[in-house]
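Take a look at the structures listed below.
In the two assemblies presented below, chain A is common to both, partnered first by chain B and then by chain C.
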Partner chain A sequence: MNASKSGRKSQFKLFFRRFCRNKLAVFGLIFIVFIILVALFAPFIAPYGYDDQNVSIRLTKPNSEHWFGTDDLGRDVFSRMIYGARVSLSVGISTTAISMFTALIIGMISGYYGGRTDNIIMRIVDVFLAIPSILLSIAIAATLGGGIVSMLIALSMGAIPGVSRLIRAQVMAECHKEYVEAAKVTRASDFRIMFKYIFPNILSVFIVTFTMGVAGGILNASMLSFIGLGAQPPIPEWGAMLSEGRAYIRDYPYLVTYPGIMISITVFAINMFGDGLRDAFDPKLKGR
Partner chain B sequence: MKKYIIKRLLWMIVVLLGVLFIVFVLLEFTPGDPARQILGVYADEEEVAAKRLELRLDDPFLVRFGRYVYNLVFRFDLGISYRTKLPVMQEIATRFPITIAIGVLGLVVSVAIGLVAGIISAVKQYSWLDKICNVFAVIFHAMPNFWLALELSLIFALYLKWLPPTGYKGLKYLILPVAALGLNGSTAIFRQVRSSMLDVIREDYIRTARAKGQSEIKIILKHELRNALMPVVTMIGNSLGAIIAGSVVVESIFSIPGLGNYMLQAINRRDYPVIQGSVFVLAFMICIFNLLTDIVYSFLDPQLQSQYQSNVKSKKRGVKA
Partner chain C sequence: MSVILKVENLKKYFDVQGGKLHAVDGISFSINEGETFGIVGESGCGKSTLGRTIIHLYQPTSGKIIFENKDITFISKKECRELLRKMQFIFQDPYSSLNPRMTVIDIIMEPLLIDGMKRKDARQRASELMEMVGLSKMFETSYPHELDGGRRQRIGIARALALEPKFIICDEPVSALDVSIQAQILNLMLELQEKLKLTYIFITHDLSVVKHISDRVMVMYLGQTVELAETQELFSNPVHPYTKALLSAVPSIDIDEQQKREILHGEIASPINPQPGCRFAARCKYSTSRCKTDDPQLVEIKPGHFVSCYNV
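Right after this comes the complex of A and B.
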């Protein structure tokens, strides 16, 4: 018992050491932790509320009182960006959670049972994959009529087909391994084999895909909000802020530049973190 | 080979029917009565009822879906726009070429950048060139394409005044949108080219070629690139999908009267037949393109070719026996 525990610990240590060797990945992790803290403590950090309007100071350029200036309604852009972290992060994480969970079930069933079940499921997935995921999301969000909830549904449904495909391939590769055979011999139930034996073995791929999915989710959410199908005013989503600032881009470019930088850095950090995780899970893939 | 292409063509028809079905189901869930939408808020109940009868909206779901498919296939009819009262197909047809131009040009730019940068990066792995390419790739990958488009128009159209900011009166107006989509799309191709080149570079036959004293350029182009291109070709289909989906927003930023912009306006006006038609036509475009890349791939991939040829041969043998 003790030996296995220390073995597990050293495995984790090795993993952690490999991860730390990638400086960009460590930067990614630090930035993610930072932005999560910012999102959690937004009311304490932000100097103003996200919907505190003051028309007398509308469209003031960045100064000591309003670090990132104010928008067309006199709201503080800096505070809105801090609150925006809440919306963007939670949308990114929750859509990925929904889509990954659904895709896990679909991919698991398809990959594990194979044969006709797999054929039927994958042909349906193929049809969905013919529509680019963001276009599918736009179509679904347009049907449901905008707002955060419809954006969540649209983004998760857009992401499910691609991820199911990926998980199915992983499960299929695992199914041919001996430990699955062994589990079948012990008369373990299919459910038990799928989630108790196979799942831990595809966990690394699952985690990496999840991380990258969050980055993609934030990007796509900002796009939906930008075209008016996501967060509705006055909710400060970064993409929605970009969209509101667009009309003033000629004279007040900071309204567009700052939220865009925020989206890019966050997505960049998450991608770097994901890359680092993948390399640490599988050192053979390093540098690819 | 012919068999493979026919198989792919038949499958494409099934996929397109599936796409139509998804889009049709989506429309079913939209709130509001289509007849009321066409006639406007001020029409009285009787008129609406008459319109419903005329459009046969009370038929069962599958019957209406069948009619929709029939109208599309045999009459090229995608319904009538709620707003302009014009046939959707007609409106799409005038906007379609611009979106194709943006999509194809964007793809050309992204493939060109991705290919050149990918080759340089792989051949000179760990050099400063490789590092610069990688840094740009991760930066452009993290940028939302619509934001990149906005910033490009800010710099090149509003500040430097080199290029027109909005509108469409010739190719010059397409430079910025194509640049935004191409730069964004090139990152995925760059990564793929680089990683498959790196795989190939370590192969034995490259060492053999080098031992034979072949020139470095010839090794790169003839031995490495040719073998590394296979995964890249399949990737190009995906890239076009992303570029076309991106063009929906980018067209609206530059006020280009393409299909994407048309669809976005329809979304804001809740003009569902237009949304439905546009999504279908965009998916159709992507399917055709995927089919083309598959065919190109089948010619490039000797394994696939031999698989189908040996199938034919073994069948012939079977007949003789």
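Right after this comes the complex of A and C.
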């Protein structure tokens, strides 16, 4: 009993130590935790509501009362950015969750059964892959109309084909290992083999892809909002804020600077975190 | 002694680029209850494929497999599940045949849980199995990568024994292990055979191992049977030129004994779309023109001693 507990613990410790060696990844992790906390406690942190308008002070430059200034309707940019973290993060995470879950099922079936099943599924995936995922998302969002929900659907659909391929390749590689044959001999059902044997063994790839996917999701959500197909006013999505501030960029550049910086740093932090995770999961890759 | 497994003219071809790969090409033999049947041959001769085809990890191309007087050549998934209750498999590489994400006890419990046993009972039974194969209780919650090869192979054996099979196909169970540990595992397998009345097919390329453990031995070359006899008979009186060359390659610990090695020349013929004639003809110094055109058949030259060669 004790032997294994310490074994598992030391494995995690080793993993954690490898992760900590990468300073940028640690920065990423800290920043992500920070952003999540900000998003969770937005109402307590933000000095103003995200839709509190005060036209008499519209377009004031950053000052002690409004740290990041106010926008064209007199709303506090700082507060809107804090609330925006909620929207951006949840959109990023939920699109990735939806797309990864769907892709897991598609990739698993395709990779595990192989042959004709694989051929049919992959040709369909190829059709979607032929369309750039951004264009696909835009097309879907445009068809469904604006709003958060249609943005979620559009972004997840855009990400599914690529991730399905990745998971299929991973599953195929695992299927050739002897423990899968051994599982067949122990009379395990296909479903059991897929989720009790193969899935835990591709989990590290899954987690890393998930993390990177969140960064991509946030970026794409901002993009859709920027062209007016995502979050609709007055929802304070970072991309939407960029879009609203665009009209005043000559005279009031801070309207786009702050949300822009926020998007960049968040995406950068998540990517660095994902990189660090990948290296920590597979130490053989690093430094070769 | 009754026949437990009978294989008749079994063939397994794989579709590959450039034709059909004849991995197993017309093998016939029968195995009596309680015996150990050794299968030897060099890498790529189809011995593993033969084992995997018998247990239906691969679908046979043609031929017949009769297990306990029942034809099991072409069976449904459900029947195969039933078959696996009686027939089990021990894998070659204990490093890759165990799921790295499961603990030892979980691995051994798997076949029991899949069989519908309650978790508590399965745990109890798995502990018994661990004791039976000589694994200490302290390894129950270890992961396979924390153990050495011998202990891992013990896990593989315990897993195979979980459902109390009668018949076990061992695919090179010791060739991935250190020599000192090989002996332990072989002795364990012999012990278990006696205790549980098991029948083994023992696939290996190691002649000293096969000599130690088998009652009868079949020598394979490129998917076909070359020679089949009782172990004593085969080792003291090999007839087929290939068997002779194979046996002469066994190193001896006696330095006074003059080694007369028979070195084979030439390449192994390709198993993809093979030419008619004896598969060994190109490397055989006794080969005649007939060897290159006609397939030799397995003939009984002495009771229980079968050879497939024209020159005997």
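Please note the rule applied: the second predicted complex is superposed on the first by the 286 of 288 C-alpha atoms of A that agree within 3 Å, B and C clash if a C-alpha of one lies under 4 Å from a C-alpha of the other, contacts with A are read in each partner's own complex, and residues count from 1 in each chain.
Going forward, a residue touches a chain if its C-beta (ideal position, glycine included) is under 8 Å from a C-beta of that chain, and two chains touch if they have at least 3 such contacts.
Small disclaimer: the values here were computed from a predicted structure and weren't measured.
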When chain B and chain C are modelled together on chain A, clash or fit = fit
Query = Thinking of the overlay built on chain A, is A:185 touched by chain B (first), by chain C (second), by both, or by neither?
reply = second
Task = Please state, to the nearest 10 degrees, the angle that the Cα centres of chain B and chain C subtend at the Cα centre of chain A after superposition.
result = 90
Query = Touch check for A:229: first (chain B), second (chain C), both, or neither?
reply = first
Ask   = In the superposed arrangement, which partner chain does A:116 touch: chain B (first), chain C (second), both, or neither?
value = neither
Task = Of the two partners chain B and chain C, indicate the one touching more residues belonging to chain A.
result = B
Query = Touch check for A:177: first (chain B), second (chain C), both, or neither?
reply = second
Task = Determine, under the contact definition given at the top, whether A:200 touches first (chain B), second (chain C), both, or neither.
result = second
Task = Taking the superposition as given, tell me the minimum C-alpha spacing from chain B to chain C, whole angstrom.
result = 8
Key: chain C-touching residues of chain A, taken from the complex the two chains share   = 1, 3-5, 7-8, 177-179, 181-189, 192, 197, 200-201, 203
Task = Could you pull out which chain C residues touch chain A in their complex?
result = 55, 57, 81, 84-85, 88-89, 91-93, 96-101, 103, 110-111, 114-115, 138-143, 146, 156, 159-160, 162
Note = The residues of chain A that touch chain B in their complex are 123-124, 126-128, 130-136, 138-140, 142-145, 215, 219, 222-223, 226-229, 239, 242, 246, 249-250, 253, 256-257, 260, 263-265, 267-268, 271-272, 287-288
Request  = In the complex, go through chain B and note every residue touching chain A.
outcome  = 14-16, 18-19, 21-23, 26-27, 29-31, 125, 138-139, 141-144, 146-147, 150-151, 153-154, 158, 195, 198, 241-242, 244-246, 248-249, 252-253, 263-264, 267-268, 270, 272, 275, 279, 282-283, 286-287, 290
